[in-house]
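Letters are used for the chains, namely A, B, C and D, taken in the order the chains are written, and counting of residues starts over at 1 for each.
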Amino acid sequence: MNALVISAVLGVVMMFSGILLKQKSAVRNVAIAGMVLLLIVNVLELCGNVFFNIDSKGMIEFDRFALLFNTIVYVSAILYLLLSARDMEKVGVNYAEYLALIFFILCGITLTSSFRSLLILFLGIEIISIPLYILTGSDKRNLKSNEASLKYFLLGAFSTGLMLMGIALIYGAQGSFDTTRVSSFQGTASPLLVAGMVLLLFSMAFKVSAAPFHFWTPDVYDGAPTVFTSFMATIVKAAVFIAFIRLFDEAFGTLQSQWQLLIAIITVATLFIGNITAVFQQSVKRMLAYSSIAQAGFMMLALYAMNADAKEGLLLYVTAYSLATIGIFAVLIKMKDYTFEGFNGFAKQQPLLAATTTICLLSLAGIPLTAGFLSKFYMLKAALGTGKHLWLVIFAVLMAAVSVYYYFRVIQAMYFKDGEVQKIDVSPAFKWTLVVVTALVVLLGVFPNLLLNWYYF
Amino acid sequence: MTITITQILFWILSVAALFSALMVITSKNPVHSVLWLIATFFSISGHYILLSAQFLAVVNIIVYAGAIMVLFLFVIMLMNLNRETEPQKNRWIKMAGAIAGGCLLLVLVASLKNVESASTIEDVKGGDVGFIKRLGKELFSTYVVPFEISSILFLSAMVGAVVIGKKE
Amino acid sequence: MPITHYIILSLALFSIGIVGVLTRRNAIIIFMCIELMLNAVNLLLVAFSKMHNYAAIKAAADQKLPITEAILNTGSEGQIFVFFIMVVAAAEVTVGLAIIVMMYRNIHSVDVNFLNRLKH
Amino acid sequence: MKNALNIVYLIPLLPLVGFLINGLLRKHLSKSMISVVGCGTILVSFALSIVMFLQVKNGDGGTIEYFNFISVGELTIPFAFQIDQLSSLFLLIITGVGFLIHVYSTSYMQEEKPEHFGRYFSYLNLFVFSMLLLVMGANYVIMFIGWEGVGLCSYLLIGYWFKNNEYNKAANKAFVMNRIGDLAFLIAIFWIIAKTGGVNYGEVFAFAPKLSGTDATIITLLLFVGAAGKSAQIPLYTWLPDAMAGPTPVSALIHAATMVTAGIYMIARSNVLYSLSEVSMNVVAIVGLATALLAATIALKQNDIKKVLAYSTVSQLGYMFLALGVGAYSAGVFHVMTHAFFKALLFLAAGSVIHAMSGEQDIRNMGGLSKKIRITFITFLIGCIAIAGIPPFSGFFSKDAILLNALLVDSHDGSFSIKGIILYGVALFTALLTAFYMFRLLFITFSGTFRGTEEQKHHIHESPAPMTIPLIILAVLSIIGGLIGIPDAIVKGGDKFTEFLSPVIAQRAGHPVSHSTEYMLMGLSTVLVGITIIVAWRQYRNYKRKEATGFAKVLEDKWYVDEFYEKIIVKPLHNFGGFLKNVFEKLVVDGLVNGVGRMVNYGGRQFRLLQSGQVGSYVLLMVLSMVIIFLVQFFLRK
């Protein structure tokens, strides 16, 4: 509860800081300090110090899983702000407002990681989505940004409609929005419940950009200002995934036999489309959009398996994925040319940035000794644990191999090709933050228990 | 089998709602679409009253038909959109859309046809759940946390409208 | 009134909304169709709310149990949810129309078929 | 030294530290500092490996667990090292040969800029680290980590001179082919987890007898595909010759002495599983033999000094797989060891030749070098003798062990099966081809008259000591290295090697052949190899470039016998080699690999079209998918 209240308050603080503070750097410092505060209060709650004891009538529950995930989100958000907050200035004049919206989104994320009621899930998802529509369109003069924003908005509102219809049908069957009451039924499940569950599956699949509901993702990620794409593709996506797994664990855990096959189909489609289409992209930004679909396919394996390993593994996966992707985007934002050719000869100009980007890419590709490998390993092991559908695991491994191709195209361009050297200037602080991100990626790749032990003790 | 007044009203309102909804999507002129949508909302409000949800019936008319749709109308008028400005989609695409939507309806209805038809809705003494007093109490006791949370939603929408709308 | 009537009615309205999204090109009309979908959901929620309320009171009456406040309150959550949907819809409309107006200012059209700079 | 196992982590850690120091500080360190760090770490690792080896010899090997790497449900994968006979042997080879190559590199790469020099050494150290991890790991996952690591390093090192686009392509090819193998390996690991519930060698092998025949076959075949990728077997071998694009010491280290033997190590390590599947054993043997033969014939035709050696490596690896396939695991590992000595020697000597020739690699432009670069010549000669298999050089004993075991396959009473005779015959023929092309290479390069430009001639000089000393050491090892595996027939109880490995590698329970038969076979192969060498000598000692002198003149200069050989043996062989290179490799192998790529390509393009950019079509596709999913959920499921 600490983080929920503080993040909402911080959002308001940011709104006013735009009026009261003239310097953009001051606004940024307030935001970073606020984020650190958020992390601290959340860690305090993880250690048992609750400041705001608000009775939510069982609709919100901050358990270990939620608190740990929130910690991951806030750490990622701090790193994100340190790396990319400066670049938001280029997007438009409403600097403080962007940061306020980011705090509101974090408030929504706090809700979606801890909901116990479908009402809170709905509100949380909307609090995440509405600011995102705006951030996507924040580059107002840019037609691509406009287009992305409108597409995202229309498709997002459509999926909200699906979600609400699903919730309504579930309410009809169970008479409650409470996840525990949704999961308790006698005898066979009512068709209302099953149909509602399937509709919710669609809308959640839409939000995490799983095929065949992924169509918005490449366009929106491509069109949005890159600094916000970075945020959307990492922290937000991770949060929705956590909501997804919570929902299907707590509300529909008893229906597992009903949805497992559907999830398997969606997983295969997502892995296939994400990986295969990523191969043909010319722009690194768009490639990363498809890669986020492909990574979502891997995370879907956790949903498919839905055992203790899967939840644990998903935490590791979202951490690995978010850190690596934030690291890559931070560099990408600085570039003027987003095509693969734009990276030619990058290693010569910025050896350190090239090295960190390489390690992040290796992690996404799942090369051992990076967090990406272990997290993929966890996912596959969890899927194996179900004892069914060995082909799903084999397919996922095959697709992981395909993914190496497009990640390595970037590495190859940076190291093995000569080209027009783009001048980019970065501060030493930026470099050091990137080194920290990369170090975390490698550290988690060797000692995953540094993270996962928090889940248990 | 006797036909009660409730049933008659149900059928009339249902036909009205469906008809005006169809008109929303078939009208060429956007202004007409808006007006038909308002008609749909009125029929749905009628349903709410039949279901003794007076509070929602009123809110629906005030908020939806009154505020939101006027906003729509305002924007349409502002842009001066009329019949000529909206090019029509290819006939085949329209057909495909209609068929896809129809299929979805069929599948949904077919999968829900087994719902226990014993569940019915009738008026009963004390069935005043939809009255403002009861809902108000609930909203400000049990649902006070979500209620406060929705304020965050409004704040962000407000900030958003400023970000998008403000001249640079 | 059997609940299936209401289910079918609101599914029909919902599907009409979907068909509208599929067949129209005007972004505002598409958005209105989405509002229609939301209203179909609202109607269904209210119907279910009434159904649960009736079932609870009837069950209590059948078993000759005292009709408590809690029983009378059954089903209120459905209507509260509708209230929240309206809240969210209002917020969505603000943002949505702002985006559409922004689009119109730039390309002087609200035709979604013009949105095809981003593809493949 | 009882507790030497406690510091075993230093063996891989030191090269890693070397990698970090050289990688991070490469701009600030001088070349000599980089050399000291690069070589020093490996030297210490080598010293520790000797300690480990001695300890294992006394029977004090074991498994050391550090921490729990992965724990998912019941499955725990510890980060653990296993030091036993097999791994300690490989440790010696990797660090020992690796150290010599590092020393050699300090001189060979001297002309690079300090920055690149540091990069080179950091990659080299990283490579050694990965390879050590691969060998020391106590479970398949750690092995896989090292496995990927060596693939990555070889990618980086092949593309080291990245200015050249061809080299980039070679690096990519190597990486892709390796990835195909890695993929199979990964699937095999998951299969093992699914069936046995563990990945630690101890657990898996203890569980192995309970595996069903099909599972054992699938696992071992998948592992074999992995091994084929790394060890360049049909159809995944084409990357290795292309990988010669990297600097020569890299070719020596990675593509001859260590990385490519990872596949052999993996199969030898999994020998318990392989013994369960007759089918897999046959596949391994046949693919190995086919690769050996194919690569040997292609090698006949090559004119690039490094390409000849590359194909020879592929061929020798095929030999090792043959040994594994017939169940003679220790013979295979023995050949790994001797091959590491003489192939590293040959590559480094070739590097010395290239160095002397100012970067020239085409042997048609060489000739008559024997007098000018004496040490290189003699060491190269020793390498050739060793690989050709003339006693008592090391190659003879290992190759002889493989041949004998191939002959004895399926034999239980001392008589030879048809399969054994065929395997033996083909293997022996390949051995003769090996002798032929190696001596062809030797004679064309070192004897006759010099055919290069005046400038090159002027420049020829012997390499400096840091290059020649490793050559001499390796030459000595190539001569005496085979002596630890002298067959029983010559010295009673001489085969210390097999005896040493016996705790980890099950021995074949077969009837030993009588000593007289064994003598006869040895004699036969030695005599045939001798004849082949003489043929090669006559053919190539006065090699002249055909383009330069014209065909008639060549005939004039040669004896009638030469012409005879030329027509009957050499020409057809050459043509065949050319045919294989051009038709089989280009069309069949590359075609297969590219074909898969093209299919993916086509499919991907079609899928991209779905992303039309139109909101309407997105919604339509979503609605249709929803209809289909609803149908599946409510009407089609069971």
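The criterion applied here is as follows: contacts are C-beta pairs under 8 Å (C-beta built on N, C-alpha and C of every residue); 3 or more make two chains touch, one makes a residue touch a chain.
These numbers were taken from a predicted model, which means no experiment stands behind them.
A.B. asks: Would you say A-D or B-D is joined by more C-beta pairs in contact?
C.D. replies: The greater number of contacts lies at A-D.
A.B. asks: If you average all the Cα positions, which chain's own average lands nearest?
C.D. replies: A
A.B. asks: From the mean C-alpha coordinate of chain B to that of chain D, what's the distance rounded to whole Å?
C.D. replies: 71
A.B. asks: So how far apart, in whole Å, are chain A and chain D when each is placed at the average of its C-alpha atoms?
C.D. replies: So the centroids are 43 Å from each other.
A.B. asks: Indicate the whole-number Å distance between the mean C-alpha point of chain B and the mean C-alpha point of chain C.
C.D. replies: Once rounded, the distance between the two centres reads 6 Å.
A.B. asks: Measure off the straight-line distance from the CA centroid of chain A to the CA centroid of chain C, and report it in whole Å.
C.D. replies: That gives a centre separation of 27 Å.
A.B. asks: In chain A, which residues are in touch with two or more of the other chains?
C.D. replies: Chain A, residues with two or more chain partners: 119, 123, 126, 130, 133-134, 137, 140, 151, 154, 158, 169, 172, 191, 194-195, 218-219, 280.
A.B. asks: Can you list every residue of chain B that touches 2 or more other chains, as numbers and ranges?
C.D. replies: In chain B, 89, 93, 96-97, 100-101, 104, 108, 111-113, 115, 143, 146, 150, 153, 156-157, 160, 164 touch at least two other chains.
A.B. asks: Note the residues in chain D that touch 2 or more other chains, in rising order.
C.D. replies: Within chain D, residues 608, 611, 613, 615-616, 619-620, 623, 626, 630, 633-634 contact more than one other chain.
A.B. asks: Testing understanding: with touching defined as stated, what is the shape of the graph linking the protein chains, line, ring, star, complete or other?
C.D. replies: complete
A.B. asks: Which positions of chain C touch chain A when the two form their complex?
C.D. replies: 3, 7, 10, 14, 17, 21, 27, 30-31, 34, 37-38, 40-41, 44-45, 48-49, 51-52, 74-75, 77-78, 80-81, 84-85, 88, 91-92, 95-96, 99-100, 102-103, 106-107, 112, 115, 117-120
A.B. asks: Which residues of chain B touch chain A in their complex?
C.D. replies: 108, 111-116, 142-143, 145-146, 149-150, 152-153, 155-157, 159-160, 162-164, 166, 168
A.B. asks: Using the touch rule from the top, collect the residues of chain B that touch chain D in their complex.
C.D. replies: Chain B reaches chain D through residues 89, 93, 96-97, 100-101, 103-104, 107-108, 110-111.
A.B. asks: Considering only the defined contacts, which chain A positions touch chain D in the complex?
C.D. replies: Its residues touching chain D are 151, 154-155, 158, 191, 194-195, 198, 202, 206, 212-213, 215-216, 218-219, 258, 261-262, 265, 273, 276-277, 279-280, 307-309, 312-313, 362, 367-369, 373-374, 377-378, 380-382, 384-385, 390, 393-394, 397-398, 401-402, 404-405, 408, 412, 415-418, 446-449.
A.B. asks: Could you please specify the touching residues of chain D with respect to chain C in the complex?
C.D. replies: 608-609, 611-616, 619-620, 623
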